[in-house]
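Multiple structures are listed underneath, in structure tokens.
Common to both upcoming complexes is chain A, partnered first by chain B, then by chain C.
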Partner chain A sequence: MKHRRLLFLIIGLLLALSLTLAACGPSVPTPEAEEPEPAPTEVEAAPAEEEEAAPPEEEEEAAPSEEEEAAPAEEAGADPNALPRNETLYFNGQQWGSVVGWNPYSNNNNNAMTIAQQDNARVLMFETAYLYNMLDSQVYPLLADGPYEWNADRTEITFSIKPAAHWSDGTPVTAEDYAYTWATHVKYNTPTGAANIDYIDDIVAVDDGTVMVKAKLDEDGNALNPLLVEAYLSTNYFIQKAWTQTLEERVGNDATALLADPAEDVVYSGPYHKYFADDSKVVLIRDDNYWGQDASMWGSLPVPKYLAHVIFKDNAAGTTALQAGEVDVSQQFNSNVNLLWEQDGLPISTYVPDPPYMIGASLPTAFFNLDSPGLDQVAVRKAIAMAVDYPTIIANAMTNQSATFDQVPRSLMNPTEGEQALYDHEAVADLQWVGNDIEGANALLDEAGIVDTDGDGWREYEGENLSYVATCPNGWSDWQAGIEVVAAAGAEIGIEITSNYPEWSVYQTVVTKSDAPLPEGYDIFMMWSDGAGPTQPWGRIRKLMSSEFIGMSSNWNGNWGMYANPDADAIIQAIPAETDPDALREMYTDLVRIYLTEVPSFTLMYRPQSFHTVNETVWTNFPYEGDGTNPPVPPLNLMDGWSVAGLYNLELVNP
Partner chain B sequence: MKGYRNYFLTKLLWFLVTLVVAFILNFTLPRLMPGDPVAAIVARMAQGMSNTTGVQAIYEQYTELFGTNRPIVEQFFIYMRNVFRGDFGFSFSQYPRTVADVLRTSIGWTIALQFPAIVVGWSIGNWLGALAAYRKGTFDKILMPASIFASSLPAFGMAIILLVIFAVSLKWLPTSGGYGYDLIPNFSWRFMWSVITHYQLPFWSIVLITIGGQAIGMRAMAIYELNSDYVKYSRFMGIKDGKIVRYVFRNAMLPQITGLALAIGTMLFGAVVAEVIFSYPGLGSTILTAVLGQDYPLVSATTLIITIMALLANFIIEIIYGILDPRIKAAQAD
Partner chain C sequence: MKHTLRQVFESGKFVSGFAIFVAILLVVTIYPLLVPEPPLRIIGQGTFFEPGIYVNVYDSISAPHFTLNLDEAAERRIAGRLADRDRGAILTWLVGVGIPESEIDIANTEQLLDQWFSNFDPTVRIPGMTNADRNYYIRLNSSIQGLLSTEDVIIAHANEETASLEAAGTIRPSAYVNVGQIPNVRILPLGTDNFGRDVLTELVKATAVSLKIGFVAGIIATTIGLILGLVSGYVGGFVDDVLMFITNMFIVIPSFVLLILISFSISQEQRGAVTIAVVIGFTSWVWTARAVRSQVISLRNRDHVNLSKLSGHSIAHIIFRDILPYIASYVVMALILQISSAILAEAGLSILGLGPKTTEVPTLGLMMNWAMIYQAHILGKWWAYLPVIIVIALIAFSMNLMNTGLDQVFNPALRE
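Up next is the complex of A and B:
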């Protein structure tokens, strides 16, 4: 009897707690009556860089007919707090942890669905002037109207704004908004301001619809870095002047408060905005007044009404949800992704049906500490790099979701066609090792006189055994698998390499401190490199090889092994101003030659810009290789750069 | 009465001393970890930054804002002053969210999961343990190995077994989340039902393990009690079995109650495994992330809350013991 009472008490308690939790949930707006989905459309546009390019093609897409609008909404009686599956596109792998804010001036929002001002800017809520397409390395106008133009001296860029573009409050997007956005970045030293102030002198409104971006000039009157000035147009958002002024007033013009403001009232120009966010999920809802449905841009609204991202706590939970059909677009590493369709028979696919399944974009790289005894010798560095068994790394660490070095020979370029075309493959072919070359590595060391004289099995340099520690952060499983293979390679060629995995919080502090020699235990260490973007491959090469980062106490840029080569520095500095394609190709080839000869670091695998795996249980017509879209829609989860065009092509499996 | 007052005052004094030491340790220990928490924030801010001066400026701005560039003693006094005002400051890892805001949104889930699970697991476990001791025979022979099995399974093992069987294979229950992936929190039966179904697997993954451990402990205690003189005497007196079991249960329960109090006191830490495996919202995984990300304010605040809860639970239990069991009071008041 007593136990029964206890049981009732417990059940009552559970219910009470559930109710409390439910009641605690923030209120959400009631969705409007459901509208019929606009028919899918193949969006086409012309690259912005071609001067003679026609404006984006006018879409013949008709607005939903009156008949359709008048039709009673199917889900009129549906639960307003449930997201209709046929109108919601689910994601994973983007948002880890709760959203902190919606402030486009700050990088501290942890708001992966809407804010990322980067090489492939995220444009669901806030928009850039141009959209970068990593597949053809072109930019296409978004808020801008047609291509941008450099003046004759390449010191000023001018572009106009689409007359149809308007903010979520209905007011037009103007050049003054863009100019004021820049002025605010500078005034409050936002990350965007700090990142660009060395290259952009000013952004001004020529008139309401025309923007001029003025480059910072060197003493000769040339733009310091035209490449970064161009990149600004596709990587940074338009933010409304009127809202910015409201924000400034709210925070009393205080820079720290401005960046810390959660900006729940922000005005935006993009097709989606906040519908709901808590510790468990983020939901965006389509703005049906989005300007982009104008014929001068997309000609229709994006297909899904809601974009939702459940916040998973690890990859395993995300993969389970993908398998269950609760996730449509997966931006996370799903181990052995091919088994999902080959073995489980699920309607899941990747951008490319066969290995490497994804388009590689960044180059996870092992850096040598060039101050470690012996690692200052090219022969030792190159021998280690030659002996590494890369196919094992790619098979184990990436479960074949990376191209091999047979398929894409190593250079400084990622596997995209645009970058591969930038250097002379023939000229450096004899320098491109594919790995597992124990014989070659041993011969190289013997030739350099670095041999085992005391017979203990380890080679010596200047009387000391060659003994190193290879390291990467603990728990970064793909990097750890790579480091283990590097250590195993050392043993094959008489170089002792042990592995060590400190926590990321410690690792990052040590590795990014470039104003002092790296401490013991960091002889060979992993870091990332840039992916695909409008400044690439120049940006990536700069961060792998430029000596300008040596001496920084907080170096989040690159060259963490502190390599210095004046020849490489000179080429890296000259590339941004160079416009002749042949000269550029020659410069890039020279850089690849230097890199593969001196081996200051070496790439272990290729990694996609975003993982892009889709489940076609509910939605279909996702981008895939050779899908016929023109320009091709890149596999960036339908939210980054030109990839957003994919949202207009989606179709329901069961309409 | 005087004896009890002395006992109470001694316990209170020790409670306060421990609290002060714990407060200092809560502040100091996280800050002794190697590494620089501001570097992680700068890493986020530096995305897409390509010049050298910008990153440096941002680093300095944040060390100033969080005060990590000041001497640790000064940081301690600032921390102490703020804590007494109930202000734990900004969370480093979720800046610009405050620690209070982070705790507010996740603590409810953890308590709702842990508290009933601990109470239910504890109650069922003790009841089964006492029953096994009293009934012996087949019941005991089945329960004992089952309890040993359940209690020796690691928490993640139990969680994964339940996940694979009931969510992935049988599809009776959802695989992850605190409520339906397609729902927005609201006051409706559908949502509440969703919360209840999502609750089951994390809940039982904790309960089953708790039951095993409690049953083993209770069985041993009860067997000891069953052989004591008062039980034999009761039997000679012809007192009914049910009543005797109740006497035994009450006496055997004293050490189990200490365990219960401590489990409740430290429950905020306890559900990390269930939270991660079932992607269940809550504080456990937030604390884990905070520790790994060197989020000093969040780590200090949560450990302080847990310390106070554990100390309070312990203190209350000792006070109650003093009343329940005069032997303890007598032994300690001397």
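Up next is the complex of A and C:
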């Protein structure tokens, strides 16, 4: 009896163990070759329990589609769970959750390794005509051959295509492909189409190798926004016409179906493509027939054969993998990143060795709801902004991964040299508050007659205590910590500020609804601003200040506090057509002056375009400040815009 | 009653549990009187300052200086800035730039630094050197500048009129200050957290809040469980069926899942500490209800109850006078366990980010949550989370000890 019980216990334990192992099998990815060890247990356990077979089956379901794709590379034969370490570059912080599709027309692929049509477009699989470099604000030709040219009236852009450029199926990349891509964007009203249709009239093929982009014109015959037309060239992909037609046929010309198609058969021109993808990792493999090895482009293939991104549960898991050397390039917020080398002595580094460790590009900003009682007063807005302790936000919330406002005085520009040179620092120096100025803020409020008359410690405006809620989405830790500091500042100047963190799902719908006043609880709220890109800083300023977004029922652009100033609007509208640098500088200076005087919103910190931390256990020669590359390779994880050039410079630490 | 109490306090387990619990309560009440600082005040600019004594540098310059001639001072100073690992790295560098290894003696600090300063060039890349190595050498180079210097350091004021520096004093390498004579010394026994808050002050407040949550939730849960159990057990029949149907339904749903769902559906504005306590209370009464019911069922046919019935007493009278006293000891034990599990439940909820609002009050769970978000556990900043864990463990431990002690007193089967 006793023995039997023991037996049951052992069997039970074994079952439980096998269940756990089987359940863990697919979802606990170990990039190292240790994986096979638990695998046999899994197989043994499978016949014992029929239900058990379920998780492995799931994996098999995914497998066939992989095999089609992986078939040509079969001779390489690497198991995606045991990639050769010194041929694989590992990433983190990009891909969260499993990939939905590989469709360059759609915005819903959740495919962070290959699809991002943005200011610094991701060009590992699909390619743009030009690559933007955030470090020197220049664009460099990729599929295009040489620089683009405006016609005399600045209404049409012409560029040619590199003769060497060809698709993954071997056919050449032609102007017709580019024109057809645009036509498809328009026809099916894709996100790209919708975003550009107001500025681009048409894209046509002049001949096989020459593209002409025609701008939309205003009544006077001038391009409505030449800046956005230029930006299109480095933002949006070339997509093959033949494949697009196949796709259209498959979906029966239905727009929804076209955007929802996972596009496993997509034809691409870039150096990498899908090798493996499931809920545990995404692996790209190099296309050894990549056209870019031609001397007219890179002259060689990118160094790593595989690019792999393990899908981590959260930042902490990603950091642990980075520490262990299982991640080479980390695009995530690793708090106190400097401790990884100072304290732990790991071969980890950031683009800049000292604070702020990164190149700041965007300005996370606290917006004022200008309809809240009292916040329509400039004095109140400015007093709050002046009283905030920014050094603490930067030191604590961002763990010093942001330039301070002493280093880069506040304006509308990001800390890059190119943007800083665009306004007259002297002219607005008086307006650039550094924060922590309790005295100044109190004086400002007293002067404006906003005082505490009933002696309860809080100032009143029109008989009401000034009391606000500062908010940002729950779980966005650096912003939350920032908002805490803002709230603390209020108490110092007699303005009650409490913090509140709604879930992102709620927050985003409330904040982006710009056709009605914001509800209670959104007096001071955090949102982002644009980073670095070919239209910046104009694009960022527009999204911080332009009143054109007021009234949109779903406003993902900006100016969420609904600030309206006709003077600012006029300047913002005039900038894209202006080409004289002196005039531009004056216009930008005026905008900074208006912004710092009226304070419709205020920046809490600088944030990098991408976090970029590298571990040199296996690979080295990543970009760093002063690495001597010319043009300089920006720290954008070797995949965005010109930073893809970094893939060609990598070396093994131990070849 | 007196007799029962004496019995209870004779139980060693109960007394030790009680002592721990009272100690925690005392600290929670007395500490805020001694350190009246608001617990959420951000004092540190920077995250996770190590526990220790922080001496104001500015004040220590003007404080009286004493000369102590201690033998090992220079050695310690050098060891602090040039560890053995650094010496090894210098050796690697020197060999890398072509100095024969035989000419390098890493134990000879003077010679080593000499060789280092005459050969180091941040732009040189020795083979196999990564950028991380390069950064390390640059850091090392700046940290060992002036390491062997025996000269005084000059303190200077900036004269704004002449835009020059004026010497205001010197500091000898053998100068010491007496910490007692420095006006600004701050002891941070548990360092600071990711917000730059004093962890100890925050922890004490958090313990108080968590205990409050525990009490409120425990009392609610026990009260509900007790009432349902009493009614259901004594009245029986249809009422029992209905009440047990509800109770069983709640038993089937894991209470923590229910807790998560309810907390999630309450928006964060409303999610204060008391709200969380109420939510926890309303989701954790089921086992108490069942246990009380079964006890009542066994009591309901006792002679004294029947006698009471025959005497025409009302149901309420019977329940409260003839049944409740017999299960009182059990109820007290259940209450203690409910309190301890409510504190754990709050911690669990907060770790998931569903706890009370961050800004108003700290709770033990919130402290853990923030320590985790800022990766204290990965960076080895133990003081941000370990004390919290210990406090949670101590509370749960003391409550369970008390409970076991009571059990020994009241349960005839366990009585020694």
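By definition in this document, the second predicted complex is superposed on the first by the 574 of 655 C-alpha atoms of A that agree within 3 Å, B and C clash if a C-alpha of one lies under 4 Å from a C-alpha of the other, contacts with A are read in each partner's own complex, and residues count from 1 in each chain.
Here, a contact is a pair of C-beta atoms (placed from the backbone, for glycine too) under 8 Å apart; a residue touches a chain by one contact, two chains touch by 3 or more.
Since the structure is predicted, the reported quantities are computational estimates derived from the model, not experimental observations.
K.L.:
Touch check for A:Gly440: first (chain B), second (chain C), both, or neither?
P.N.:
neither
K.L.:
Looking at the overlay, what does A:Ser553 touch: chain B (first), chain C (second), both, or neither?
P.N.:
Only chain B; A:Ser553 stays clear of chain C.
K.L.:
Tell me which partner A:Thr320 touches in the superposition: chain B (first), chain C (second), both or neither.
P.N.:
both
K.L.:
Compare chain B and chain C by how many residues of chain A each one touches, and report the one with more.
P.N.:
B
K.L.:
Examine A:Val506 and indicate which partner it touches, taking first as chain B and second as chain C; both and neither are also allowed.
P.N.:
In the superposed model, A:Val506 contacts both chain B and chain C.
K.L.:
Counting only touches as set out at the top, which of chain B and chain C does A:Pro353 meet: first, second, both, neither?
P.N.:
After superposing on A, A:Pro353 lies in contact with chain C but is clear of chain B.
K.L.:
Quick check for you: in the superposed arrangement, does A:Gly146 touch first (chain B), second (chain C), both or neither?
P.N.:
Neither partner.
K.L.:
Looking at the overlay, does A:Asp278 come into contact with chain B only (first), chain C only (second), both, or neither?
P.N.:
First partner only, chain B.
K.L.:
Regarding the shared-chain residue A:Ala260, is it in contact with chain B (first), chain C (second), both, or neither?
P.N.:
first
K.L.:
Do chain B and chain C land on any of the same chain A residues, and which?
P.N.:
Overlap of chain B and chain C footprints on chain A: residues 316, 320, 503, 506.
K.L.:
Please output the residues of chain C touching chain A within their complex, sorted ascending.
P.N.:
42, 44-48, 85, 128, 130-133, 135-136, 138-139, 194-196, 267-269, 353, 357-360, 370, 372-375, 377-380
K.L.:
Show which residues of chain A lie in contact with chain B when the two form their complex.
P.N.:
3, 6, 10, 13-15, 17-26, 28, 79, 81-83, 85, 88, 90, 97-98, 100-101, 106-108, 110, 116-119, 189, 191, 194-199, 228, 235, 256, 259-262, 275-276, 278-281, 283, 308, 310-314, 316-317, 320-321, 324, 326, 503-506, 508-509, 512, 535, 539, 542, 548-549, 552-557
K.L.:
Mind listing the chain B positions that touch chain A in their complex?
P.N.:
Contact set of chain B toward chain A: 33-37, 39-59, 61, 65, 93-97, 102, 105-106, 108-109, 111-112, 115-116, 119-120, 123, 127, 163, 167-168, 175-188, 190-192, 195-196, 199, 275-281, 285, 289, 292-294.
K.L.:
Considering the complex alone, what residue numbers of chain A touch chain C?
P.N.:
On the chain A side, the touching residues are 315-316, 319-320, 323, 334-336, 339, 341-343, 345-349, 353, 389, 391-392, 395-396, 399-400, 474-475, 477, 480-481, 484-485, 487-488, 498-503, 506, 521, 614, 616, 620-622, 624, 627, 653.
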